[in-house]
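Same chain, two partners: subunit A is paired with subunit B first, then with subunit C.
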Partner chain A sequence: MQQYIIKRILMMIPTLFAITVIVFGILQMAPGKPGGGLETDSESANKQEGMAGHLIFKRQFHLDKPVFFNFRFWLNDDDIIQLLDEKYDKTKKYTRAQKNVATETIEDYGNDILPNFHRILERSDDKELKIRILSSFSANAARTLIHRFGEKLSEEERFINRETERENRRVAKFSYSPTMSSAEFDKLNFQVIDYLRSIEDRWNYSLLQKMYKCFFDTRFSYYFYNLLHFDFGISMVDKQPVLPKIMEKVGYSILLSVGSIILAYLLAVPIGIYSAVNPKTLLDKAITVGLFMLYSLPTFFVGTVLLFYFSEGSEYYKWFPTGGFKSIDSDNMTSLQQLKDISIHMILPLVCLTYVSLASISRYARTGLLDVIHSDYIKTARAKGLGEWVVVFKHAVRNGLIPILTLLGSVLPAVVSGSVVIEVIFNIPGIGLESFNAVITRDYNMVMGIQLISAVLTLLGLLVSDILYSIVDPRIQYE
Partner chain B sequence: MKQESTSTMIIKSIMGIAMVIFLGILILQINNLEKNLILVKVESESTKLQLNKLNNTLNKINKVIKSGSFGVSSNQQVLSERKWLHPEVKNFLMGDPPKPAPEDAPSKGVFDKVYSFQGVDPKGFNFVIENGADVSEEIQEYLTMYLGRRSPNDPAVFYGDLAERIEITDDYKEYTIYIKEGVKWHRPLLDWSNPRYQWIKDEYFVTAHDVKYTYDLIMNSQVQASHSRNYYKDIESVKVLDNHTLVIRWKKKTYQSVSTTMGLYPTPKWLYAYNEDGEPFPEETAGLKFNEHWYNSKAIGCGAYQFVKWDKGVLIQLRRNDDYIGAMPPIKQINYHLIRDKNQQLLNFQSGLLDIHNLPVAQYRDKILDGPANSPYKNGTYKVEPVTRMVYRYIGWNLELPMFKDKKVRQALTHAMDRKNVIKKQLNGLGTLITGNFYRHSTAYDESIEPWEFDLSKSKKLLDEAGWIDTDGDGILDKIINGVKTDFKFGILTYGYREEIKSWVSIYKENLYKLGIQMEMQPTEWSVMLKRMEDREFDSYTGGWGLDFDGDPYQIWHSSQADLSKSSNRIGFRNKEADVIIDKLRETFEPEERVKLQRAFHKIVHEEQPYLFMYNEKLVVVTHPRLKNVSFQKARPHVQTMNWYLEE
Partner chain C sequence: MSNIKVLEQDEFLKKISSQEIEEDSQKVEYWDIVWAQFKKNKLAMFGLYSILAIVLIAIYAPFISLNKPIYVVCNGEWDFPLFASLFDQNFFQNGVDLFFNLQIFLLPLFLLLIFVKVFVMMDPFFRFFPKFLAIYFGLSIVGFLLIYQGGHQVPYKDWTEIIQKKRMNGQIVDVLMPFNIYSYRQPNVNPGMNPAPPNSKQILGTDTEGRDVFARMIYGTRISLTIGLIAVSMYISIGIVLGALAGFFGGVTDIVISRLIEIMLCFPTFFLILTLLAMVNTRSIFYVMIIIGFTRWPEVARLVRAEFFKLKSMDYVQAAIALGFTKGRIIFGHVLPNALGPVIVTAVFGVASSILIESSLSFLGLGDASAPSWGEILSQGRAQFKLWLILTPGLAIFFMVSIFNLVGEGLQDAMDPKQRR
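Right after this comes the complex of A and B.
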């Protein structure tokens, strides 16, 4: 058994890696811009984001790097010329989307494009092409400063940064303007070539360096490197570390879902047992119909109705608070009062979360038990002269409820994922709403964080339910 | 199993009961203890506040004693001491400040409202980086002092907020700004018992350097403030003469220089240039560090309210700043609740938690139009007031598509929209029809322009003239464009925020169908929609622009913006005549001349119909009876509570 558990846990590592790769890949394919705002009610014309700001943002989150593999040491001159053609297209030969893509691509290439620029400038005598290169040059030649979130840099790194900054300032002066005379243009051209020659050997990668760049200078490897340190990165929206934010929100959701699971089992299992013991009676049928009617009522509807009839803001029965997780002045309450305060806030959301799952759990319990109740050993037990209660609870229930344990295992990830609908309707600041917002705003790090945590929990949940199996039913053994 | 004897059973159960009772007593006692502790905590906090006040007064008295000037109030003394560099120039800050609350207004109370009416958490509170209207209109409005603000009665003139006097040269290129003396920064919200924050313990005063620091940050290419950089890039220099005087020189004469300069605010360098341990950031990466500064999830300023708490997803709290230099607002505390769901907002208003609520169209119909006469909404308990927002809704046509290139087609499309009925039925009257890009209640708006009326026969005629005829009898208009027979079919991007927009778009679809035009609704997610507009990959879309008071048409309508991918001229509007007017408007200061130009511009967009202009939206604001002296500002933000007060 122990061996089995250890094996399972070890197997989780490659599984998790695969999950990370897949989720990361899918996220990067999602259309739309990362880190944008939630949709607004109206926009302001004058507050549009400029290009420069976007570049800083991209560099901060390595969005300018390729996703999995980096082959930018093999950039082709002809491709670059083509990209420049698209970027500076004035004849409308290309669509605006192509133009935007070309602009972004050149921007993303950053320093890696410089060898190509160098070659083209040295060899070509197409003035138009040179102008294009010189117009892009200062933006591309600017080097990234060493910078990590919330960390202090070492003296050595600061020294490198200062050098880089000095070089960047020099490079920034190499900018082309259309008003330049041809002599000025030639001078600029000469200066740029001179500069490129002086830094030429930066691009003479050895094979090892190329391998390194190919695998490790990518979006994924930067992310994964941080992940190995249990660092989920910072949110692209509010620039705060992701993990504490998730932990803060997940508490609310866990309380809600654990509460509702316990409540659901407490109610549904007895109902299921009753139905199994008295199958096809009128009451059994009524229960089935009733539960399925509940099951088919959407929670957003029931939630709203409950609020409009039973909350403090309603015009009818002001029994429960209108929403939220606790009262605003709960800071000045004693623990008992806080407990009472939170419980009373939780009643309506719990009702909403629970009634839906009653149907399925009680049906599982019913069928599980029905299978068992007709088996031979139950007949034997009855024949032995045991009372009906003893037969059902001691002999039947223990075996009949194994299927329900499977459910329990699959419920664990749902505990952290929360429920968007309930959280919005009852205004509970849980993880469901947070992950929904993260998807809408393309907050990659946040989405990754939530997904990975729920992946780990899913794997753990499966393991736990397997172990529970063998505890409940000694016949099931793992080698 | 061995049978237990009865006596052990009894003993066991007695012990069990005793344990339970004991536990119960323990819990009760701990509870009592906790109660007392909380009482002590509350008391000690209030004592601390009082001590602070006492300390302040003592300091003031000390100062007066030291300076030896009894009898003269310190403020007057400062005024007489200050020297103006150009005393002959009239003070630019001539506007009337808002009327202060009545003197007998009770100075207390907590004002509860939903954060920016949408109840979504802001990204952060670093005013230089955050560009959301929510942060600037809700938090920054109360927390910072701008150099000057628009007068509530006449938004065209400014009154002094942080600045006490501004001298402007005749060519509007040089602004000499005198900021008020003795304006204190709020204390940062930190755990002062932690020795880590000893370095920041002092009291700080706002200086001209702080104002320049804001400008420096915006212009620093490492700082993510490029949304504001466009505005300040025409500044030639910002020079600090002394602690309370600075001179801003503009490269050229532009009308926007006024509002941009007035909109400057101080940023505390003593906080933002340092890491949490008080070490200055290395100069080369200071901008990058600023973007993720450790204080970004809290806010700081020098204005009437100070930031107290941000409980994510729950609450943002501001408290009145007792050191505020301007007219003290009566309301002591502002609670912004983060409530996303509109029904939750309504119920929380009805339960009395919120003091103010914004009724969306559906709730307006339920509560006001169809509600029973004795409901608090209609019997006068709640005060209901419609406020016209400086926002307009429109449909934008992609002018680079051949089908929308013809002016006649666009006019025909406008004739097919029954705007009057949309406002009456879909909006329940909560809108004002507009014919152009300006705010309906501003002087720029030309009332003499008659809106294109709803008339399908006129549409038909115009479409005929433009060459759109159903030649193959399939019920859809077609036309030969570049040798290819093209059907009149297009898509319209809509996004989800407002229900009523979807409903009027579908009515419009029916009307177009009658004309033989097929419009396909394409509900799109916001971030995808933005991307598609950047790439100009759309046929048409629904949108809403928030207007500022200047009403500068440059960003949306100038042809130079049509080629930039991230510009607001998404539809590709190019009009030489309009360009001339826009450029001229940017250099014209004379109000009457401006109105003339603006109206000429209005006429062009009405004639050209690059947008199908719909309406200025109305906000229905309901307030609780305990809220007094409620009035709404003409310019944004419409809700501003500085002179409101609360009565129990």
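Right after this comes the complex of A and C.
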């Protein structure tokens, strides 16, 4: 058994890796910029200040790197010339969108474009092209500092950073302006070529370095590296770390879903047993139909109707608050009052969450028991003359309720995402509302974090339900 | 002597052929039994009739609610604006509407053919029906694509205004309007206020943009049915293929596919759908369907895989393997038909849950804003706190979901040999 559990946990690792790759891929494929809603070229992005801010943002989240594989040591000169053509296009040959894309692409290439610049500057006689390269040069040649956005730096790293900064200042002087005379231009050209020659061996990558760059100098590997340290990154919206934020929100959701599951099981099992033991009676039929109706009722409808009739905003019964987890002034209350306050806030959401699971669990319990109750060993037990009570509870229930144990495994993931709609309706600041907001604002790190955590919980839930299975049913054995 | 022999041979042949027929009819018998069982379940029958009624409402929606007259007679000149606008992509911008408008003409043909087959040619219903249905859907999709590509567009004409003008000019105009005289996209139908409560003209009131709720409800059936049909058929097909491969071949195939299933099952489905949908910039009903279709197959695949594992060890499959039948024949001829029962049940339940998912998405504001989705009306009701915008769509979704669940459950019971008496 222990071996089995260890094996299962080890098998989770590739699964989780695959999940990370899939979710990451999906999020990177998404159009539009993160954190900024849907608009792709906003006004601020065109302003100089906004541009610089955007660049810092991109560097911070490694958005300037390719997603999975980095082949930027193989950039083609002709492609670069084409991109420059699009970027500095004055003849309106290209659309504005194309121009923006080209500008952004050149910006993203960063240092990796320098060998191409070097080659073109040395070989080409086209003055226009040289001007274009020289005007992009200083931006592209600037190098990023190590751990620029981190806090702790070693002495060595600080030294490297100082050197880099000095070089960046030197590079910044190589800037082209349209007022330059021809001689000045030639001088700048020579300076730049000189500089590029002096740093030429930086991009003479060995095969190993190329492999390293290909696989590890990418958005995904930076993200995954952080992930291995349980660092889910920071939210792109409010710049708060993701993991503490999720942990803070998850409490509300756990309270809701665990509460509703306990309630549901407490109600569902007796109902299921009753209607399985007395099938085809009037009450059984009524229960079946009633549960069926509950099962088909959409939660968002029930939630809205409950709010309409029973919340403070309604014209009918102002029994419950319209939403939220607690009142605004709850900090001033005594703990008993706080408890009462929270429970009053929780009643409507709990009702909504419970009735759905109640319906499905008791239906499972009923069918599971019905399957068992017609089996031979139950008939044998009855034939032996055992009492009905013993037959049902000792013989039938143990086997008949195995199916609803699998449902228990689904509790864990439901903690994270099962109640998105409910939390949105009742405005409960749990993980469901958070994930909804993250999706709407395209907060990639937050979405990634929630997806990954819920995937881990799902895997654990499956494991737990398998283990429970083998405890309840000795016939099931794992080797 | 020889004559007698020939006769004997004849009889023998007849015997064989009659045996074959018997064997053949036994294949159908299973579904006849299921149908007989199903018929006993009154609730399930109610569900089935309701589904048929809803399909009819969805198809003939233009005759129930549209702002164009069915016919106009003026000075002995007949005009049919409603029919003229059925394939007008300026008026019915949504592809779903065009598809259903095509059914207005195709469905009667289909029903007529079935009638002839069953009552004139006396063919057993369950033997030809699946093939018929497939051909029918194939035809409608081809027709739909032709119409969609045709791109027929006509400038908008306000017929109520035209008729009023003609009457003002003293002309005698004979008009037959649909039951409800609004289309679902027409804004500000009530001059008073938005949203307007139910009144004698707008029997279910209007929404925040002043569009008639009744019209939107009627056309909403089209959206719900399409979502159910397309999303479910997508994920059922993916699930059957992958599940059958994994369950039948086992070994490496099974490991790879079950890993894939496990990975997909780890995603919280609703949240995954939400994420994918938010990533798509254009809000279209088709994206919703495709996303539901691509995210929900693991359940089916797991079911089919388990069923295949179970059936594979059955004697008849082992016998078929021992006889050296090809793998394709065993999978599709022997195992799949027996594994199909639970899949059909899941499909019917799947329609219900897909409808539920779509309306939750619309409720959260991630649906197709141009489509008259029930969830979208409900979300307006929640924002505006207006009962008529809450109850009508809510009850409609409830009704729709429960009739599919009823039929699914009826099927499940009817297929369960333990409950057969």
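One rule holds for everything that comes next: the second predicted complex is superposed on the first by the 448 of 479 C-alpha atoms of A that agree within 3 Å, B and C clash if a C-alpha of one lies under 4 Å from a C-alpha of the other, contacts with A are read in each partner's own complex, and residues count from 1 in each chain.
One rule holds for everything that comes next: a residue touches a chain if its C-beta (ideal position, glycine included) is under 8 Å from a C-beta of that chain, and two chains touch if they have at least 3 such contacts.
Keep in mind that this is a model prediction, so the values were computed, not measured.
In the superposition on chain A, contact is made by A:Arg162 with subunit B only, not with subunit C. Looking at the shared chain after the overlay, A:Gln451 reaches subunit C, while subunit B stays out of its contact range. By the touch criterion defined above, A:Ile56 lies against subunit B but remains apart from subunit C after alignment on the C-alpha atoms of chain A. Applying the stated contact rule after C-alpha superposition, one finds that A:Gln82 touches neither subunit B nor subunit C. When the two structures are aligned on the shared chain, A:Leu459 is found in touch with subunit C, with no touch to subunit B. By the touch criterion defined above, A:Val305 reaches subunit C but does not reach subunit B. Ranked by how many residues of subunit A each touches, subunit B and subunit C are led by B. When the two complexes are overlaid on their common chain A, residue A:Gln209 makes contact with neither subunit B nor subunit C.
Of the two partner chains, neither subunit B nor subunit C is touched by A:Thr281.
Using the contact criterion defined above for the overlaid structures, shared-chain residue A:Asn427 touches subunit B, although it does not reach subunit C.
When the two complexes are laid over each other on chain A, subunit A has residues 31-32, 38, 304, 307-308, 313-314, 424-425, 440, 442 in contact with both subunit B and subunit C.
By the touch criterion given at the top, residues 31-33, 36-54, 56-57, 60, 95-97, 99-100, 103, 145-147, 149-150, 152-153, 158, 161-162, 164-165, 234, 237-240, 245, 248-249, 304, 307-308, 311-315, 318, 322-325, 328, 332-336, 424-427, 429, 433-434, 437, 440-442 of subunit A touch subunit B in their complex. Listed in rising order, the residues of subunit C touching subunit A in the complex are 43, 259, 262-263, 265-268, 270-272, 274-276, 278-279, 281, 352, 356, 359-360, 363-364, 375, 378, 381-382, 385, 387, 390-391, 393-395, 397-398, 401-402, 405-406, 409, 418.
Those residues of subunit A lying in contact with subunit C across their complex are 14-15, 18-19, 22-23, 26-27, 29-32, 38, 289, 292-293, 295-301, 304-305, 307-308, 313-314, 371, 374, 413, 416-418, 420-421, 424-425, 435-436, 439-440, 442, 447, 450-451, 454-455, 458-459, 462.
Residue ranges of subunit B in contact with subunit A, taken from their complex: 27, 30-31, 34-35, 38, 41-42, 118, 120-121, 123-124, 131-133, 221-222, 224-231, 275, 279, 282, 284-285, 288-289, 291-292, 294, 296-297, 312-315, 335, 338-341, 343-344, 346-353, 389, 391, 495-498, 525-528, 530-531, 534-537, 543-546, 548, 552, 555-556, 565-568.
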